[in-house]
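Labels for the chains are A, B, C and D, by order of writing; each one numbers its residues from 1.
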Amino acid sequence: MTALTKSRLGGLVAKQGILIAFAVFILVFTIANPKFLTIDNLFSVVRSSAILGVMALGVTFVVISGNLDLSVGSMMSFSTIVVLDLHDKIGPLLAIPAMFAMTLALGAIIGFLVGYLKLNSLIVTLGMLSAIHGLTLTYSGGKNMDIADKEGTWFSVFGQGSLLGIPVPILIFAALAALLGLTLSKTPFGRKVYAVGGNGTAATFSGIRRARTVFNCYLISAACVATAGLIQASRSLGSQNTVGQGLELEVLAAVILGGASLMGGSGTIFKTVIGVLILGFIQNGLLLLGLQFYVQFVVTWIIIILAVWLDIAAKRGKLWSPIA
Amino acid sequence: MQPGALSKALKSGAIWGFIVLELVFFSIAGEFMSLSDKAFMDFENMLLLLKQSAPIGIIAMGMTIVMVNGNIDLSVGATFAIAAIVLLDSLTWPIFAGLGDWVIPVSWLLALTTGVVLGAINGLIVWKTGVDAFIVTLGSMLGYRGIVFMFNGENPTSHLNWTLVDFAEAQFLGLHTATWFLLVVTFGIWFLMTKTVHGRNAYAIGDNREAAVNAGIRVGPHMMINFAIIGFLAALSAVVFYSESGSVNPNDGQLYELWVITAVVLGGTKITGGAGSAIGTFGGVIAIQLLRKGLGHIGADTSTVNLVIGCILIAVLFLDRQLNVKGKEELKI
Amino acid sequence: ETMKIGITQNNVGVDSYQTTYEQAFIAAAEANDNVETVVLDAGGDVARQIAQVEDLIQQEVDAIIIWPTNGEAVIPAVRKAHQADIPVIVTNSNIAEAGFDFVASFSGPDNITQGARSAEIMCDKFKDMGIESEAQIVHITGQPGYTTAIERAKGFEDRLPEVCPDVTIVETQPGDWNREKSQQVMEAFLVKYDDIDGVYAGDDNMGVGALNAAKAAGREGIIFVGATNFAVGYEAMAAGEYWGSIYQSPVDDAEAALKTAIDVLNGEEVPFLNYFDTPKITQDNMGEYDKPVF
Amino acid sequence: MTDPVLRLEDIVKTFPGVRALDGVSLSVMPGEVHALMGENGAGKSTLMKVLGGIHQPDGGAIYMGDSQVVMSGPLEAKAKGIVFIHQELSLAEELSVAENIYLGELPRKSFGRVDWALLTQRTDAILKKLNVGFTAKTRVGDLSIANQQMVEIARALTVDAKAVIFDEPTASLTDAEKSVLFDVIADLKADGVGIIYISHRMEEIFKITDRISVLRDGQYQGTVETADSTEESVTQMMIGRKLDLSRNASHHELGEVALEVRGLSCGKLYKDVSFSVRRGEVVGFYGLVGAGRTEIAETLFGLRDPSAGTILLDGEEVRLSSPTDAISRGISLVPEDRKGQGLVLGMNCRDNMTLPQVDDLKAGPFVAEGAEVAIFDQYRDRLDIRTPGWKQLVGNLSGGNQQKIVIGKWLSMHPTLLIVDEPTRGIDVGSKSEIHKLLRALAAQGYAVMVISSEMPEVLHVSDRIVAMYSGKIMRTFTSDEVTEDNLIQAISGIETDQAA
């Protein structure tokens, strides 16, 4: 092997460390249980990851812009409950835009607080997590929300339908990933998101409206959450108030697993998708192995750290960290 | 006096202002809305407040130094639960049967050691792999919780030792045992962070990691020590709390990380590291506990409590920022 | 003279049972002119619950109702109330025996019996279908560590071999009281096991999640049995997709707790273990029950 | 003859895509000030980082005294008596001056406590020697960049060093601080310490150094005695050709007034400032640190709200509320702090360069990357930016090349008013004269240019007029005919007694 191809290979490993980690453990799971790699199972995993995935797409923008969004879980519960409630009251055709409007309004509030008022995003979104949960409980009176006529509504298409044999949630996830991926990597807005996250002061000195950029990231995040809520509501046509609870950390884990830095300025949509799939496949693979849930916890821990470690070790070309 | 004390005091001023605001509000609102004939600012109630702040507060002190260091620890809730299990379980181990009540200090020691070890594991992984502390501890939040369930399945681990309970419920100079622990830990961390070389290095590392490395500070071991400290304090919090309650559910300590981080950030610590103080954190802890207590005092229901707590967190932040703006001359960035 | 009654609940908002409970409790208290209440929620955190008991003692309420987050950890706090001469009523899930001395009464469902009854519902159906000798079932439990989850699972797993010794439970995984999580778990089960005859879920929310997974995968003929009959479960039963559950009303639960507290304060004789009945409900007898409100 | 304190032999260091050092040797005698020179990106800082244990060399050896040593990390280098004053500030802003000076080696008492008394006492002694206006307890983040640089320099005095490396210490210092630095170096020298001194400023090199070693593209070009060489000969070694240092005598016609400022004030930062810049004119702003020049620039760029006064662009009164606003009116600002304000270090060269115009470079909804690359290539050639390609992260460039990216970024905006704040900080002689020519050429094309600089030769060299500032006030405006070094210094120093107070 010539030095050149060798270094190119090295470059590939360095760039796609996470992808390789992904491939390795798919292999391991498949050997452990051949059913893992069946079309049915793959579809089922991607479909159930789609909800988490759609949210992770939005959060990727927020994280790259140098902020956090811990409110996505409770916001997703909110949009799910709202669209289910409105479905029976004003019909799905109006319920969907109404729910999107309400969710975007919440996103705008966060965007205003973090972007324009420059408040710390961790606390703001933690606060919103709690506040939106309260809002949802008030809205629903704490009760489960179910569509009355589950058979007769076309609303189920977003969660349960399929097109050309591919489940609609997967299509939505893929389409959104493509759209947001292009937005982030190819458009001026995407460039600004990286700049603001990489060095907000320098971005301001370059004439970028930092507040507006951050605000828009939260709007995108909220739009993704609304979409996730829509899929969720449509998938089960009924929901609990807590449907999204705890998802915020899973979403964040997926985004960071994909290689986005919490400091902002780095990450891509493609890698987030990989991060989402890794999480989804870990959960599914471990279930198929039939391990006790607590063993699953421990194994998940180890896999996550190994995956991220491999990724950064490949980037720096050294296994161990150079920190003294 | 350490450098910049005045500016620091001013910066953490918001939290104290807010505490006063809370006290005033709940006292007045309590007059109208509370069932109780007792005033909110009743002395006994304030003593209880301190005691009830201890479980979160003791961990928050550890989180302060870890966050000043530029890291974060999301696994404290799970560490808390493991330490509790070790404490309560080891009280009944046959090998200690001959010790009588002397088993208590032994179990305490075991639990605390467990905390130190779990914390050090986090620190070691952060140090050696270079993976971000957020991911490492997010992972171990899950992994440690798995370990919790391994002990006793889904069942609680219990051992009610009334000697222990009496000790934990005791009051010395009017303050509860838990309060004493909280105060001592607060003082200890304050001392560590303001007076010692280790503490000052923690600020340097959190502020500018590269500069610290260039200056020859051994960043890796330093961070590991801080993780061990927070592990120790999570275990200490468990020891103090479960000595009194005597039984731990495998789910206990869940969401503690969020409450702890909230308290720490409210107290003025920067999540990016480099700034923060134990005293500020103490304020943050008290503010949160006051809020919980006060809302209970005026009889708010669950959805209202959620709504109000959320809004108030944001309000404190806003207040804090208003206090810190330097005026019109500031650069608009 | 009004009675001041304080209640500290387990984790309101975690599911609609608990939320409906809280609202029913408030409503029942408001309907009674002699009663004033302080309603607190521990958010699942035992430390917060203990603090709330202390606060209630400090506020000098006349009685404390507690829905324990942990049946043992709250004992010392309950003892404090007892020492302050405040009667304590435990609701929904009981505290451990060591604390019985400090408690006036328990009011709530019997979760072990509920689990056992679910096993009976499942077994009876299998016998009807003639598959009791070979049926395989999967078990989806509630959130790990919750007393209710533990007790129901225990009741089910102990009773099933007694009534249907040849039915096997092939796997148990938690569904965390969450419909979505349960659906994911069931999806994996369906991939893994080609033959599943029955599903027992720790409550109907999870049961319906599993049902959704089976429907999406096009797997028919699976018998779904749950507990805590929610409106979704009731509807799925009406649609013939879901076999049975346990009828348990949070409204009854809340009202029973309040009534017990009032009785205790009025000096009336109350039984120490005050279980309210939670009957079986299946497609066969569902006409006898109203659709649950939650 | 004495042995060298330090000897580097055949050092090789490569980064992905860059051979930064290619067999470099260097030796430093005790009591010698050894200059290391080379163009931006020649490998000077990299060589020093190898010496300081920050980078591990791919080949070669380091000797101290007779024995070979391995610098496994900064700690090790420090333990061996090597003090490294970094090119980029390496300070913890939240900590005090004293803590920063003694970073990594705070004096201890029992229980691991910091010995504050001893720390303060030692620091005060050092600060006194440096004759600076801040105290041991000042928070470093509150200091100006120049003063932060002085804190870095103070570190050289904390230990019994065998060798001290100064990597461009004077890039952001004014003359007063410079002379303090030179005194410090003289003291160290007298103590027999070996000193490696990196700078792009020829006059300093010839004033204080004994020998000069030169790097070009990572290769060692040789070492000469300072006394035996001239600026021309050294420059020729550095860039391989002769340099034309003459001023472009472009006496073009001045156009309309592009910018007029009337009675502008901003709180205490500057007061009642009035001046104007015409198209085709270069106006230099000269003053001491803290004179308020940067703040004026920031105000004109929409980053500060003036408390009084008016700004007129092309005769029309304007309110500039944000940089976006200012940019849309044709104003560009090359900021003072390239790392903090000028660049997104984690972004590549091309994206940094086109950041302000990313909205205008569109192909459909997307950024026209081809056009961006074209812009980048154009300014890379024009400014001679050394980088393996546009994909390189700016953070991996040498300091001088980073500065050039910032300049390219703003030149490519084709501004009507170009404000440059310390534009040639850290830039090598060759590129510096290119930039000066460029500024003159831009003026000739009809741009209005404001040059803020603390280097008198630079201001004298490029300006048509010079505004001298002191403590937030304009003392005097000179035309290029009437200005001399003496009257300029007089104008910017205000009244001596003021400073003592």
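By our rule, a contact is a pair of C-beta atoms (placed from the backbone, for glycine too) under 8 Å apart; a residue touches a chain by one contact, two chains touch by 3 or more.
All figures in this text were calculated on a predicted structure; none of them were measured in a lab.
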Please give the intersection of the contact partners of subunit B with those of subunit D. A
Which two chains share the largest set of C-beta contact pairs: A-B
Max Cα-centre separation from subunit C goes to chain D
Taking each chain's centre as the mean of its CA atoms, how far is subunit A from subunit B in angstrom? 29
In whole angstrom, how far does the Cα centroid of subunit A sit from the Cα centroid of subunit D? 43
Rounded Å distance, subunit B centre to subunit C centre (Cα mean): 33
Once you find the CA centre of subunit C and the CA centre of subunit D, what distance in Å lies between them? 70
In subunit B, the residues touching two or more other chains are 149, 213, 218, 302-303, 305-306, 332-333
Where subunit A touches two or more other chains simultaneously, the residues are 133, 137, 142, 201, 204-205, 293-294, 324
Sites on subunit D at which at least two other chains make contact: 73-75, 303, 322
Interchain contacts, given as pairs of chains that touch: A-B, A-C, A-D, B-C, B-D
Can you name the residues of subunit B that touch subunit C in the complex? 34-38, 42, 44-45, 48, 51-52, 55-56, 149, 154-156, 158, 160, 165, 169, 241-242, 244-252, 254-255, 292-293, 296-297, 299, 301-303, 305-306
For a test of understanding, state which residues of subunit A touch subunit B in their complex under the given definition. 70, 113, 117-120, 122-124, 126-135, 137-138, 142, 200-201, 204-205, 210, 249, 252-253, 256-257, 261-263, 292-298, 300-302, 304-305, 308-309, 312-313, 316, 320-324
If you look only at subunit B, which of its residues touch subunit A in the complex? 74, 125, 127-132, 134-136, 138-140, 142-150, 213, 218-220, 258, 261-262, 265-266, 271-272, 302-314, 317-318, 321, 332-333
In the complex of these two chains, what residues of subunit C are touching subunit B? 4, 9, 12-13, 19, 22, 26, 36-41, 43-48, 50-52, 54-55, 58-61, 69-77, 80, 96, 98, 143-146, 149-150
If we count contacts the way the header does, which residues on subunit D are in touch with subunit A in the complex? 16, 73-75, 301, 303, 322-324, 326-328, 333, 335, 340-347, 351, 355-356, 358-359, 361-362, 365-367, 409
